[in-house]
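Structures incoming, each one as structure tokens.
Each of the next two complexes has subunit A plus one more chain, namely subunit B in the first and subunit C in the second.
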Partner chain A sequence: MAAPNPILLLNQVTKSFGDTVALHPTDLAIEKGEFIALMGPSGCGKTTTLRLIAGMDYASAGQLLMWGADDITATPPWERDMPMVWQSYALFPFLSVRENVEFGLRQKRRLLSPERRKRALEWLDRLGIADLAERSIHQLSGGQRQRVAIARALALHPEILLLDEPLSALDANLRLHMQSELKRLHSELGITFLYVTHNQSEAFAMADRVVILSDGRVQQIGAPKEVHRAPANRFVARFVGANTILDGRMTGAGTIETPVGTFGIARGTPPPAHAAASLLVPADRVTLSTEATGASNEVAAEVLTEEFTGSFVTVMLRLADGTEMKVQKQQSEIDGLDLRPGARLFAGWPGEVGYVLPGEAC
Partner chain B sequence: MRGVWTDRLLGGVTIVVFLFILAPVASIIVFSFNADRYPSLPWGGFSLDWYRAILTDETVRRGFGRSLQVAAIVSVLATFIGFATAYVDYRFRFTGKLAFLALAALPPTVPVLILGLAMLSFFSLIDLVGTLTGVIAGHVVLCSPFAMALIRMRLAEMSPDLEGAAWNLGATRWSCMRSVVLPFCKPAIFSALAITAAVSFDEFMIAWFVSGLNETLPVRILAMLQGQVSPRINAIGTIVFVITIALVFLAQFLTTRKADKEAP
Partner chain C sequence: MPDTITTSRRRPQIDGFAAFWAAPALIWNGLFFLAPLGFLVGMTFWVVRNYRLTPDFVLSNWERMFTRGFFWESFLYTVQIGAVTAMVASLLAFPVAYFLAFRARPSARRLAIFLLITPFFTSYLVRVYAWMVILAQEGVVNAVLGGIGIAAVSMLNTSFATVIGYLTLCLPLVILIQFFALSNVDRDLVGASHNLGCGPVRTVLTVVIPSARIGLILAAAFAFILSFGDYVSPVFLGGSSPPTMSILIVDQTKSGNNWPRAAVVAVVMIATLVTVLFSALALAYGRGRARA
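Up next, the complex of A and B:
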């Protein structure tokens, strides 16, 4: 993956609207063939970044380089070769499905009519909607429109495909289906996908690397597993959501002292002794029991809520100091436990999962 | 729940209102076919004499021709200006936009008497009084806001992503205008053409002040009324009414057909 030059390089790219900074100086190197997801809560700068890359807005400062040399910072959108799949689909309502797919081929590739038609039909076929070619857009369902939008972009045979929350308007089943379809298209075509989403599971399921943004700043760039297991900071830890954060202070002995106990740490870069620090406990590694086992990584807790999501159960616990702890278990693992709200039990975790984050001054 | 009687009452009131509005028009149409010289009942029998009379009247024919010519040119110019104004409103944000829009919508709110007088005095400065060009200029001022309103309503339905998508797929600004914005606005553009033609064809006051010897049809009608009350007026009135109402229906049809097609 370490090509000499990334297909697209953001070099200190910045965007401000008047006094508001939408994107602080950002560096990002996107390699050819990568599936990159930009994610974060709304207003975090992910869509701004995508619009800058597509040329819908221009960067206030910094550079966009293709292949390390071709500066496209000020190139108008129609001269960039990065078709986009829009959240609203942005299909042309006065054109048929096939004409929509042909639009880019007519504008950009200047192909002759029979050639255009052939290629459009190929892509509609590839997305499983060849039979809808002559329909009008109004007659299509959301899922079908989605496929037309993808076909329209891919028919240009681009090297980079931009996707702006493409699945957010679909229902859950369809979304999962389209996820695997996008993943399949990505591996078949070998082109770069740049995917914007606020949906963590979408990003983690598909992307090779995720870029987590908040308040117009990149918080962390890394493989989904890395971000999940070793969040760079408190924001990422919270955003990923599958952790309990126990705030405390480093002791002299390399352990962390929190209001609910003193625990060993196994991973992360510990701050110096006596500095503020936080311990992250992954929700899926917590074990629950009715009797104290006497292990060192164990706390007493009270059940707040229990929530089923398919075969998983999410249990929210309240610890002695009021901190909420999140626990995710397979249904079978907790069958015998009393999880009614108010029930008392003990939550423990293996020593090797404790991950330390520098504490934040607060 | 609305009862049957409420519905009937509502229907009845609607019919009465329409009757009230349309009765004078209907009487003009009815008496235009009346053989008698005076519009009184009982009817004196069916006759096309009055139509024959106006068709052979050279002043009426010329007025009719001028009105058609003016309406055709005005509709094109006013729709073009209306489209441009509406698009500027849609695409750009700038300081003073509200003032720009208010100014663009202003002409129909000025009493036409004032508008006509103002144009007379202004056009006399630039030698446009008594010319059809003057009438056309005056009508364009009056009609453009109607075109703008119609096209602006249509543009409001256009997803802001649509232009972006066209650019993103390689369309330059101009080709995006040609292949996305214009096709999207097509129904509104056609109804704007029809409405502005109807307004111009009907317009009397500006034409009366500005046209001079180049009388348009409405000005000719008034001149005839001043001379004598003849059933020929009814015949002309019927023709004007039919043309205008046809244009208005055409505009309405184009707008609703679009709505039907795009209903989800």
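Up next, the complex of A and C:
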């Protein structure tokens, strides 16, 4: 299925600044045409990784290989072929929109003026801003600048496009719109997108695979659904966010005993008997009821807060031992329930969703 | 309601607070700059009778100066040597300013800024005297050249020495202005330039210089302005020959007490500087963008 050699391979790539390790030895194979999102909280190493790939910093150890053979570890950025879309857009204010798009065509592709102009206008047209070609950068809105930055990078017809938090400066509506536009461009062009973000919904909405980083280490690499349903560890489970973590201990019978009850495990690799473990309950699979149903995966809870986010309602519950449980439902599913703070009800989940994480000291 | 707010905001109002604080500077400039300037212009139409300055309204001073070859020679020489100084100072300063802004560690940068200000601690005249010692026929440079068997070179009383003096005056300032201009260049633009295929040298030419254009032009304008009006360097290092405009002013007042003709020279100098400064500002700010 995949090409024999990945378009870009990170082999034990490491970056340290003095005594501080920004990126611990990291392996990552990026296949041609993939949309990969690097994500994590600030300082997790995602931007460092992108800078190493773009050549703005050089790896302290390890190798960057293109197509499995071409070692670009020490290649200066201007000789790499990976245009980038910057968070700040980094458009040249002393050039017009068209000249910005022509910049790389002139400096990197060495195209002559008529050819440059033609291609720049094509890409501006493709991004829907052909009418702005002769404007100065100062005259553009944030969303328009974003499009110019994307056109400038894609006009080079690269095999890999780097994007560094490109949507973080846009307002929510525009961000959603650009998300689908980027996704569309990716599938039309068939090139590799490497996308850095701290925004989980952005990454999950667009990427084929996400790489979750924390403290300069890769925590998990996988398809969004995989990371969402089967987080590799506690950090990922928390980062992904739509879960409740119930800490406890394995029993002899393969169930997990927590302060709020003993529950069955359907997924994940259970730790040995009597070892610490945690049960993960996905927020969207919890059902709420006013009466106990007597099901085995059920706990008594008290409503803390109720929050509307579009068509979704997020309800925070407090369980008997103080653990907070997150529940996400469609408005229609909970219409009849009393969800005022302090209301008491029961939260249950189907046995097949219980996922076990190895326990960690906390 | 919103309409009244916008209109009241847009209406130009005299801000009492700002006027209060601006007043001393405005009064000072009015009394000691604008008034004397008017007087200077007026004096160009006066005459000197029996070595005495007499109010009048004649054009003979202007006529006399503008029809003399020595005046235009001096004018061209002063503009030329000022332009050369501005260019040489800008070229010499740029690598230093670039290094300080982009490469130096913060501690080295602070030290360098401090060192660039220290020349202003000592009088410019003293520094020019030092250059006389260095450049004289029996001076330091020729002693060294003689030591390795090279015949003495006449350096004092040349345009070269004058430019050296001008550079002493303006180079530290040009480096500082360029440094602040380069410090404000967005690092992401440099990164984007590298990312789009420009090596370090081409990045300087296509991105760094256009980005810092305003500061670089102002620095060169400062070098021109300082050297165009300078009197010390052309007298002590240049040997008054050919005379600069500043020397011409002194000549006119000393020989024959001809204040009106000196005023003509001074007014031409001020007009030149105003023209140069406005052109520089137009070049720096006027065109919203330059071609790369």
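In the analysis below, the second predicted complex is superposed on the first by the 360 of 362 C-alpha atoms of A that agree within 3 Å, B and C clash if a C-alpha of one lies under 4 Å from a C-alpha of the other, contacts with A are read in each partner's own complex, and residues count from 1 in each chain.
Note that contacts are C-beta pairs under 8 Å (C-beta built on N, C-alpha and C of every residue); 3 or more make two chains touch, one makes a residue touch a chain.
These numbers were taken from a predicted model, which means no experiment stands behind them.
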Subunit B and subunit C placed together on subunit A: clash or fit? clash
Request  = Name the contact category of A:Pro83: first (subunit B only), second (subunit C only), both, or neither.
outcome  = both
Touch check for A:Ala54: first (subunit B), second (subunit C), both, or neither? both
For A:Glu202, using the defined touch cut-off, is the partner it touches subunit B, subunit C, both, or neither? Pick first, second, both or neither. neither
Thinking of the overlay built on chain A, is A:Glu298 touched by subunit B (first), by subunit C (second), by both, or by neither? neither
Q.
Touch test for A:Arg152: subunit B only (first), subunit C only (second), both, or neither?
A. both
Ask   = Should A:Phe94 be classified as contacting the first partner (subunit B), the second (subunit C), both, or neither?
value = both
Going through subunit A, the residues touched by subunit B and also by subunit C turn out to be 54-56, 76-78, 82-84, 86, 88, 90-95, 103-104, 107-109, 136, 138, 152, 156
Per the touch rule above, subunit C residues touching subunit A in the complex are 186, 188-189, 191-199, 202, 206-207, 210-211, 213, 288-292
Within the complex, subunit C is touched by subunit A residues 54-56, 76-78, 82-84, 86, 88, 90-96, 99, 103-104, 106-109, 136, 138, 152, 156
In their shared complex, subunit B is touched by residues of subunit A numbered 54-56, 76-78, 82-84, 86-88, 90-95, 103-104, 107-109, 136, 138, 152-153, 156
Listed in rising order, the residues of subunit B that touch subunit A in the complex are 159, 161-162, 164-172, 175, 179-180, 183-184, 186, 261-264
